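The structure that follows is given in the form of structure tokens.
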Amino acid sequence: MNEPVVVRNVEQPPFEVVAALEKCGVTTVHEAQGRCGLLACYMRPVFSGSTIAGSAVTVSLPPGDNLMIHVAVEVCHAGNILVVAPTSPCAHGYFGELLATSLRAHGVKGLVIDAGCRDTRALTEMRFPVWSRAISSQGTVKGTLGSVNVPVVCAGALVEAGDVIVADDDGVVVVRRAVAREVAATAEQRVRKENATRERLARGELGLDIYSLRKKITELGLKYI
Amino acid sequence: MNEPVVVRNVEQPPFEVVAALEKCGVTTVHEAQGRCGLLACYMRPVFSGSTIAGSAVTVSLPPGDNLMIHVAVEVCHAGNILVVAPTSPCAHGYFGELLATSLRAHGVKGLVIDAGCRDTRALTEMRFPVWSRAISSQGTVKGTLGSVNVPVVCAGALVEAGDVIVADDDGVVVVRRAVAREVAATAEQRVRKENATRERLARGELGLDIYSLRKKITELGLKYI
Amino acid sequence: MNEPVVVRNVEQPPFEVVAALEKCGVTTVHEAQGRCGLLACYMRPVFSGSTIAGSAVTVSLPPGDNLMIHVAVEVCHAGNILVVAPTSPCAHGYFGELLATSLRAHGVKGLVIDAGCRDTRALTEMRFPVWSRAISSQGTVKGTLGSVNVPVVCAGALVEAGDVIVADDDGVVVVRRAVAREVAATAEQRVRKENATRERLARGELGLDIYSLRKKITELGLKYI
Amino acid sequence: MNEPVVVRNVEQPPFEVVAALEKCGVTTVHEAQGRCGLLACYMRPVFSGSTIAGSAVTVSLPPGDNLMIHVAVEVCHAGNILVVAPTSPCAHGYFGELLATSLRAHGVKGLVIDAGCRDTRALTEMRFPVWSRAISSQGTVKGTLGSVNVPVVCAGALVEAGDVIVADDDGVVVVRRAVAREVAATAEQRVRKENATRERLARGELGLDIYSLRKKITELGLKYI
Amino acid sequence: MNEPVVVRNVEQPPFEVVAALEKCGVTTVHEAQGRCGLLACYMRPVFSGSTIAGSAVTVSLPPGDNLMIHVAVEVCHAGNILVVAPTSPCAHGYFGELLATSLRAHGVKGLVIDAGCRDTRALTEMRFPVWSRAISSQGTVKGTLGSVNVPVVCAGALVEAGDVIVADDDGVVVVRRAVAREVAATAEQRVRKENATRERLARGELGLDIYSLRKKITELGLKYI
Amino acid sequence: MNEPVVVRNVEQPPFEVVAALEKCGVTTVHEAQGRCGLLACYMRPVFSGSTIAGSAVTVSLPPGDNLMIHVAVEVCHAGNILVVAPTSPCAHGYFGELLATSLRAHGVKGLVIDAGCRDTRALTEMRFPVWSRAISSQGTVKGTLGSVNVPVVCAGALVEAGDVIVADDDGVVVVRRAVAREVAATAEQRVRKENATRERLARGELGLDIYSLRKKITELGLKYI
């Protein structure tokens, strides 16, 4: 049970859907899919200012051992995002500049890892985006197998290979491949609506009026004194 | 008991007192008022480099519900700082770009929230300063009442409407309105004294001599070997 | 027992060894000395982008009292790094702009403190690098003795006076003086090897091939499906 | 500003009101007063199985200094609960067996301290109930003043002298003296209602029916499959 | 997407398999299935000394709202364990004595909840076992839907309805229904082997000899001095 | 550098000194040696009510690998306490019932481990005392060397082989072998003094009078109102 496997062929989400989700960003996508799929908020970007979306290549690996990241590189495609989850909590620096160089050479857009990363200055300079739970120079060995492209729980969220990952300064969200198109459409609609609302708010209109909340607060019994 | 209320008229601290406190910054103000009023140090700025001071508009609201922030906007004045405290611990993203747009349109200088915020990239780009305990895309609903301008406990400190909030990269401190003028005077004095000390230290003089500590360490029995 | 002392004369590590370690950075040095000496990863830089190395001046002091930092300044030499450890956990802001000015005037390169610091904006502007466990305006008094240049446990690592401290965006590592030359040589070798590997990875070669891992994963029983 | 004071005369809540609140326990009292006044849930009992209620004697004191607890003993009355809050976060062991012996000799029922305590085995054997945020042998000094019976923020809740504290295995709640009688009445009513509900649930009736939730879940759109 | 549903019919694991897993306990079961399925170690029992195993009824619900626990009771069967996971982090006390009474009346053996619980003294007295991440009197409302018997991520582990939950003082582990029989057999074998080992160790034999580790440590280069 | 070694012969502290320290307990010993040597307060006993003291056998080992604990058993003597510190943070369950059986067969009194332990129910039933930072079923492998009886940093404190460890419900403290006799004498004196003070406090005398604090608080300017 739980034999180590690498699943080679993963159905990819449509390119234009991924592009649309990337444009909307984490918070809007999270709302658009009914407030689910958010990774724990301890996942923080190594440097700020990046927004990426891509199809997940998942890696399940043991604590303190990054052999399977090397295995995963070979099955990555351009546009993928690597999602790495240790089988038990571990803040070691699994990932650094050399692996980032390798992933970039294969077109991978970024890394989401529920563990530590290192070489943060180099990662920042080369603008390879990483979301991690810790920064740690404490390295790993290359001695034990895990699996690639099996379902993983990463920072509290279930991620399957081919799901869409969206990550930015607000955090990381996963969108099931099956609903990605629908979520992207809802998210884009939401962006349009928010643009209109923003203009009204910038003019000084109140949310109380825009969202028709005055009747509600009166019914609930709010008193002004 | 604890009926939801909005207090409309709050006595404001004098403008020049707020300006003086803003100029001195959190650490100096905190020292000047006898080391009290500091919010818990888990309160961090979304982006660094801002120093603001202003009169507090306080919001007490339930976990996961930001209806009362919308209510509060209407009673804010130019120069205010919004201070938001959930009635039980909650890291949800109560606040984002749209509410920031609305607050800015009403002249509010910034937000201090003992909960989560989101849209951090947009907040950074529009330079709307926020101090929060977490960053999270996890949104809130608009279904339950709370109160505006009642006393709240925010990140461990008691804040009353009309108190002066000072916030910068070091954290957040609250100054009671009744003592704000006196604290500002002490803080300004402290700044002048520190300027003099800084020059002496920069020339290589030792704190041991400047603060007359040599006699003390001898009496306490320090040995050099 | 535990009488407060200041040890004046500390054997210093060779200048060229410190320079070599600084050039290699924390992660490489940590690997080169066999993965030991890393301080806990809660130690974070106040601003990013600095890499420093230097001989440690250690300070053991009580919670909430920074008198001994003032004492330590006098025995610091150009090129030193101050390493401060309270005798019990304390997140107070022991250190700010004035002490940084004083340390800089005596040639000290930076501070590593297993406690809080403050005046972070000023520290950033003057580019005085500090690694701390917290940022807090909560100040300290000057009333109790401790010791300078005795062995301390800082963020979980034993540091002795004259050990080499290396600190950058990845964290902080301590290298025993006795092995510093040997560690520097190993680290430099490692950098050369990594440069070669980086080029190969950038061309798209796989870690699986560069590190000869294919045989191993086959023996361990990895299945591709 | 913030001069150290001891307020001697504090209006006490009626004895029978305190007794009623003690009988109801923390969770019921917290609900009965509209879900407010709960201290942070990091406040845990040193030993389990105690429920106490009493009028608060508050102590505001500096980090690492328990002089003011000794001062407070003198103004305590039989039936009081001591509520201790440091002016900045501190997990030192402010309190142990000797102070417990002293408080008991003056009729004090227990201690609520937003810091550390020690001598936990002795406290358990003498059954002196303590709720604290930490257990630590790290002691304190007796060198600095604070205040007794001024308003304090303890574990995130505002407590004023003469407020009623209720503490049990679920945590600690504060009830304002002014509303204590009303809250006690509501709490007792709630207990009676819960007793009736418990009997129905024990017979196998469903909460869905007892609380008339079926209509609601249908309207909200719940599907059974 | 993510419509609230209640799945009524869940295939149950065989009774004798559940009984065997319960007898082996969490640590042995976790080892027997290849070290996977462990919930995060912040999940602690309200009282110690219980070991339970049962088929999971899963509940996915919003933060601060326990309506769906009431819905779930109706679809529970004797021998089930309720597994509750909020859709975002929340330490509220979702569960107390009344719900425990209701679950017991329907034969449910215990609760595993990635949130808070309350009424801990009553739960201890009635010996209804609960594993939770927090204890908090902070209650919940009954206003929003979630789902029952859908896959949930609870304390970092994926749990599906009908999986076997084993919980004791060491923590909580989930065993997929499909492999439960196989895991139980391996676990029982492991218990027999451990019994034999225990006797040898109790007689003073060394693990170095029992597990044949002497050759390995020599090859790895361990020196005795 | 850092070659794995086992140091066989360790000078032991005198038996009667260890016995005296055990009788005094952690808090008194910590005070008696000038408030140093305390391990971090996250170190908690698996079950309460034990007080042990003994000479330390130290183990430095890698994360997730307990091979060296098996190695250490062979060099333990009756009356020792095993002190285990991973070289990087790790909460795995390194230790359980089988190793406890082995240690007990060799006369070891207990374990202090800056990592996780498991089989807590069995440990409680056999009354083998363990202080750990976590409880976790997550096991370890037996594949990598470390060292025995070298200096380690355990939970923030430096421990050398042959130092005296004292552990009880208040935590864990280490006493250097060289000063153990002196510390024991001071601790016993302290106990006698506390016994006298306890009697006076139990009769209702105030700490203010016993410790002669009245003059001090008057000088410091305390006001009674």
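Some observations on this one:
Chains here go by letter, A, B, C, D, E and F, matching the order in which they are written, and residues are numbered from 1 within each.
Operating definition for what follows: a contact is a pair of C-beta atoms (placed from the backbone, for glycine too) under 8 Å apart; a residue touches a chain by one contact, two chains touch by 3 or more.
All values derive from a computational prediction rather than experimental measurement.
Considering the contact criterion stated above, the chains in touch with chain C and with chain D alike are B, F.
Inter-chain spacing, taken between the CA centroids of chain C and chain F, is 28 Å. Inter-chain centre distance (chain B to chain C, centres taken as mean C-alpha positions): 32 Å. Once the centre of each chain is set as its mean CA position, chain B and chain F turn out to be 41 Å apart.
Within chain E, contacts with two or more other chains are made by residues 35, 38, 41, 88-89, 91, 136, 138. Shown are all chain pairs that touch, namely A-B, A-C, A-E, A-F, B-C, B-D, B-E, C-D, C-F, D-E, D-F, E-F. Partner chain B is touched in their complex by these residues of chain D: 1-2, 33-36, 38, 40-41, 87-89, 151, 153, 156-158, 179, 182-183. If you check the complex, the residues on chain E that touch chain B are 62-64, 88-92, 136, 138, 143.
On the side of chain F, the complex with chain E involves touching residues 3-8, 67, 70-71, 73-74, 91, 93, 96-99, 101-102, 104-106, 116, 118-121, 124, 134-139, 142, 144-145. Note for the complex: chain D touches chain E at residues 25-27, 30-31, 35, 38, 41, 44, 48-49, 51, 168-171, 173, 194, 197-198, 201-204, 206-208, 211, 213, 216-217, 220-225.
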